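Below, chain A partners chain B and then partners chain C, in two separate complexes.
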Partner chain A sequence: MIAANPSIQLVRAQWLNLLRTPAYTLPTLLFPVMFYVFFGLMMLRGQALWLLCTFATFGVMGAALFSFGVSVATERAQGWLLLLRASPAPVGAVIAGKAFGALLFAIIIVVMMSALAAAFGDVRLETAQWFGLAGILSLGAIPFCLMGLALGLWLSPNAAPAVLNLVYLPLGFLSGLWIPSTVFPGWLQSVAEWLPPYHLAALALDIAGARSADWGHSLTVLGLFGLVFAVMTALGWRRLSGVS
Partner chain B sequence: MKSLIGISLVLLGAIATLLLLPGPLEGHRGVTAIEGVRVFDGERVIEDATVLIAEGRITGVGADLSVPDGAETIDGEGRTLLPGLIDAHVHAYGSARTDALRMGVTTLLDMFRSPADQPMVIRQRQSLDPTNQADLFSAGFLATAEGGHGTQYGLPVPIPESPETADEWVAQRLDEGSDYIKIIIEDGSGWGRTLPTLDAAMVEALVEAAHERGVLAVAHVSTQPAAKMAVRSGVDGLVHLFADAPVDDAFIAMARDSGVWIVPTTPVLAASHGQSVPDWLTGGEHAETRISQQQRTMLSQSFPGSQMRSARWPLVLENVRRLHEAGVTLLAGSDAGNPGTAHGPSLHHELALLVEAGLTPVEALRAATTLPARAFGLEGRGCLQPGCRADLVLVDGNPLEDIRQSVRIDAVWKNGARTERRDEAGDAS
Partner chain C sequence: MDQPIVAECSALQHHYGSTAALAGIDLDLHAGRVTALLGPNGAGKTTLIHLLLGVLSVQRGRLELFGGLKPGSREAQERIGVMLQASGVQDNLTVAELLGLFASFYPQPDSQIGLLDELELIELADRRFDRLSGGQKQRVLFALAVVGRPDWLILDEPTTGLDPAARRILWRAIEARRQAGVSILLCTHFMDEAQKLADHVVVLDRGRILEQGSPDAIRRRVPSDRIRVRTALPSAKLRTLPGVQSVQAGEAFTEILSRRGVDTVRALLAADDAIEDLEVAGADLETAFLALTDSAQTEQEAA
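The block that comes next holds the complex of A and B.
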C-alpha cells in the first residue's frame, strides 16, 4: 500500500513543510532569480545565455545546500533525526524526503530563470536544450545535497547557516558563477577548475551551446565530490546522538 | 493524496513552461523577391534589378528574372540593396552583435575579446538559421608585452614570453578558436606616454608562427615607425592607421610591395582627436528605430585629452587619401567598443570619412564588403551574387551618390530572414 511506503510519507511531509513555511520557501526560490534579473538581465546585457547557465547553477546549489544543511542541523538538535533513526523508516527515506524538496526547488528555479531569460534576455534554445538545462541542473543538485547533508550532520544548528554562507558565496564566486571565470587572472582560473560548481556550470553551458565541456572530466569531479560527502554523511549519521 | 496532486501540478507546470519557451528564431523561409531595386553587388552597380533569396542564400540577381509564384515581393524602387556590411575592427561584447545588425553590419571582425564562447560563435556563423545577431570572427586574446597596451581592460591576457615560445602561444590561441592573430606594437609615443611593447624579433616570430599555421597575423600600430616594423615583420594587415606623422614615401613603397592592407578606423581616431560624431549619424529616423540610448551615450564620449590632439585630425584624412591614391588596400573598420563609437553606426561613420578623404562611395562600400571578405577569406560574405549569404541591407536612397544615405535603412536581412528594429524587438532601452 502506497501510504505505508516511508519514502512517500516523508516526501509528503517535506511538501507540507514547504507549503506551510512560505517565509522560508519563497525567499529561497526568489533570491537566486532576483540575482539573475539584476546582474544577468539588467546590468550585463547581451550575456543572458551564459549567465543563465551560471546563475541557475548558483541557485540550484543554494537550494540544495540550505534545504539540507540548515534543516538537518536543526532537526538533529531537536532530536527529530534521532527519533527517525529509531523508527522503522530507513535512512534512505529520510534523505529521499529532503532530496525531493531540493530537486523541486532546483526545477522551479531553473524554469523561472529560463522563462525570464527568454522573455527579457532574448535567449532562444531548442526545446530539447531547455529540458536538458533543467535536467542537468536538477540532477547536478545531488552532490550539493550530499554536501549540505554532511555539513548539517556535523555542524551545530547555530553554526550551520553561517558556515553554509561562508561556503556557498565564495564557492559561487570562485567557480565563475557570477562573473565568468574566463575573465579571472590565470591563477584564479586554475582554482575554479577544481571546484564542483564550475563543472556543473560547464555542463549547463555545453547543453546551452555556449561552450563545449569535457563531460567525462566534469562528471568525474562532481561524482568524486558527491562521494566524499556521502562518506561524511554516513559517518555523521553513525555518530548521531542528539546534540553533540 | 492532496500533496501528490500538488506536487504533480508543480511538475506539470514546469514541463508546460519548458515546452512553451521559445525556440531559435524563425523567419520567412520561402522565396523573397526584391524588385526594381538598384543593386551594389560588392564590385559594381546594377540598376533596376530583381534579387531573389531563399533558404538563407541569394538565388538570383538580374534585370529580367522571373519571380516564382508564392514569393514574398518587396518593392525596391528608389532604393539600393547592399551586401551586408563587414566591420573589420571591433571589440564585440555586450549587445554588440544585435546593435551592429540593426544598422546593416552583418559580419564583425573582432580584434580582441575573451575566446570563452568562441565555439558557439563559430557554430552560429556557420549556420544559415535566422538570427538577431551579426556573425563574428575574432582574434581572441591579443599578443602584447607584460603591462603593455591591451592589458589595461581587466581581461587577463596571456603574454608571449620569448620568440622561442611564439609558436606555442599561437597554437594556444588557435586551440581557443582564434581566427587570426593580433599583435600589439604600441610604445605609447603617439599618445605622449611610455608603454612596454613587443620588439621586432618577437613580432617576427609571432607572424611566422601564424603563417606556418595558416592564419593571418594583423598588427595594432599608432606610429609610422611601428607600422614600418610591422610591415617588415611580414604582417598581413594593420588594423589602425597611424596619425603621428604624414605617410612618407618609404612607407608607401613598403606597403605597396608587401601588399599589406590597412584598416583606417577613422571613427576611433576622430574620438581621440577632438572630433564629435556628426548629427546626420545620430539624428533622423534610423536613429530612432535602430540606435539605442546606450549606443548614443557611447557615441557622445571621447578619449581623455582628445581635444589637445585636434590639430592632428586633418593628418588622418590626408594619410587615408595618400595611401588610397598609392593603391594600398583599405578595409573599413570602426574599432567600435571604444569611447566615441558604437557597433553599427560607427561603420557608416567610417564610410563617410573615407569618402571625405577621397574615396568614391563605391570604393568605400567595397572597403566594407568585397575587400575585407577577400583579405580575411570570408566565403559568401560581402557579396550580392547567387550563392552568397542572404545578408542584405535595403537603403532608402542612393548611397552610391551620397554615402551618408547608407544610414537610411529600410530593412536588414540576415541569413535570408528580415531582422527586427528596436521598436519591433520590444527594446525600450
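The block that comes next holds the complex of A and C.
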C-alpha cells in the first residue's frame, strides 16, 4: 500500500475543516458579493465595472485576512499548532493549505461577482480580461495572506476578529474600494496611494480597462507590504519557540 | 547495567523574561521505563516537556535525545509520540480522519483499526471530535500519540478530567506500551497514577529537581508516618504531640503526619484513652511529594 502523503493529508484536513464551518465560509464568500449587488448593481448601476474591481479586491482581501488571521490565532490558542509542531507533521503544509483555501475563496468571490456583473450590470470584457482579473486578484491575495498570518501569530483568538475588522474595514474604505478615492479630499487621496488594497484595485481596474495603472509602482508597494508581514510572521514564529 | 538514555539534559535553563521556569537541571531519562514527572503548578514541567519536544528552543544548557539527536529534528520527532495537556485538534474532523492524518506523519504507523479497538473507539470512528465526551477526546488524543509506534511516549496529564472507567482504559493502554518496551515520560498530578505506573519519579519544583528515584525510594526519603485515628482531641492539642508535622481533621477521622510515629502514638494513647480505629502507615507518594515541596518552600521562604 502506498503511504498517504502527509502534506496532502494536512491540506485535505484543513479544507474539510473549512467546508464544515459554514458560519465562517458563507459570510466570507457572500458579504462582499452582497455589497456589490447593493452598491454596484442596484444603487450605482453606471459604475458596475469600477465597483466590480474594487469590491472584488475588498472580498479577496477579507478572505485572505480572515482565513489566516482568525484560524491561526484560534489554532494556536487551542493547541493544534503546538501538537503539529511537536509531531513530524509538515507544518509548511498548514500554511499551504490555508493559502490554497484563501486563493480558492478569492477565485469564487471574483467569479460570482463577475457573473453578476455580466448578467445584471452590463459589464462586457474580453475573455483574456476576465481571466486576467481573476488572476491578478487571486495572486494579489498573497500579501494579505501574509498580513493575516502575521496577525494570527501575534493576536489572541478573542482579539483577532476585532483587530482584523479594525484593519479590514478602514483599509478598504481608505483605499477607495467603496467610494472612489478621487472623491476624497486631497490629503486623504495621498493616504490612499500608500495603501496596498488601493494598488491591487488599481491593477484590477487597469486589466478591466477602467483606468490605467503604474504596474511597477503598484507591484512594488504590494511586494514591500508582503515583505513587512513576512518578517512579522518570522518573528511571530520565533516567539512561539521562546527565542528571545 | 544502565539502559540507553532517551534524553540527557545538563545545566538546562529556560527563562520567560526575568522568570526562571527551569533553573539549570541535570537529568537523564532512561529507555524502557516509565518516568513520572511530578511537581506543583509552575514547577517547570510543561516547559521541560516543550524543550524535549523542540517546540521551545534551548536557551542555555545542553539537551540531547536518543544519544545525539536534536530536539525538534525530524528524526527525533518520528520516534516520539506526544499527548499534550493543552492539546487541541481541528474538531470538525472525525476520529478516523484525525487518526489517518497523524498516521500519515510517521514512516511505519500502527494499525488504525487495532488502535480504535484497543481504546474502545471503534463505534466513534465516524464521529466528529467536537461531538465526543471529555473522556473520549482524551482517548483519541492518546491514539494520535501512539499511532506512529513511538520509541518514547510523552504524556502530559493524560487522565485529567477522566472518570474512573476511562482512566482504567488509558492506564491499560499505557501499561501495554510499557510492556512493549516503549519509554514513557508521564507528567501527572495524580500520585496514585504515578505510584501505579512509574518505575522512576522526578520531583520538580520552581525549576529545580528536588528528588528523583523509584517511587519507593522517594517515599523512604521522607521519614514520616501517617496516623489515622478517631479521637476527641482538638487539632491544636494534637499538634503539640512529639514528632507531629501536620494534622488534618476530617468529619470521621483525623490524619496526622509525624516524623516519629511510635512516639506520637504513645503520646496520643496517653492523652486520649478513648481513641478508636487507630491505623499507622508509612508515607505514600503523595505524602512524600507534599513533604518535599513544602520543605522546599519553607527553605526558600527562610532564605
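By definition in this document, the second predicted complex is superposed on the first by the 232 of 244 C-alpha atoms of A that agree within 3 Å, B and C clash if a C-alpha of one lies under 4 Å from a C-alpha of the other, contacts with A are read in each partner's own complex, and residues count from 1 in each chain.
Heads up, the rule we're going with is that contacts are C-beta pairs under 8 Å (C-beta built on N, C-alpha and C of every residue); 3 or more make two chains touch, one makes a residue touch a chain.
Note that this is a predicted model, so its numbers are computed, not measured.
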item	value
Partner chain(s) touched by A:Gly92 [first = chain B, second = chain C, both, neither]	neither
Touched partner set for A:Pro27, first chain B, second chain C, both or neither	neither
Chain B versus chain C as contact partner of A:Pro170, first or second or both or neither	neither
Touched partner set for A:Gln78, first chain B, second chain C, both or neither	second
A:Ile107 touches, of chain B and chain C: first, second, both or neither?	first
Touching partner for A:Ala210 - first (chain B), second (chain C), both, neither	first
First (chain B), second (chain C), both or neither touched by A:Leu16	both
Chain B and chain C contact sites that coincide on chain A, given as residue numbers	16
Chain A partner contacts - residues on chain C that touch it in the complex	14-16, 50, 53-57, 59, 74, 77-78, 80, 82, 84, 86-90, 92-93, 97-98, 100-107, 128, 144, 148
Chain A residues touching chain C - in the complex, by the definition given at the top	3-6, 9-10, 13-14, 16-17, 20-21, 75, 78-80, 82-83, 85-90, 240-244
Chain B contact footprint on chain A (complex, rising order)	11-12, 15-16, 19, 44-47, 50, 104, 107-108, 111, 114-115, 118, 122, 124-127, 130-131, 134, 180, 182-186, 189, 209-212
Of chain B, residues touching chain A in the complex	3-4, 6-7, 10-11, 14, 17-19, 21-25, 93-98, 114-117, 119-120, 123, 132, 154-156, 158, 294, 425, 429
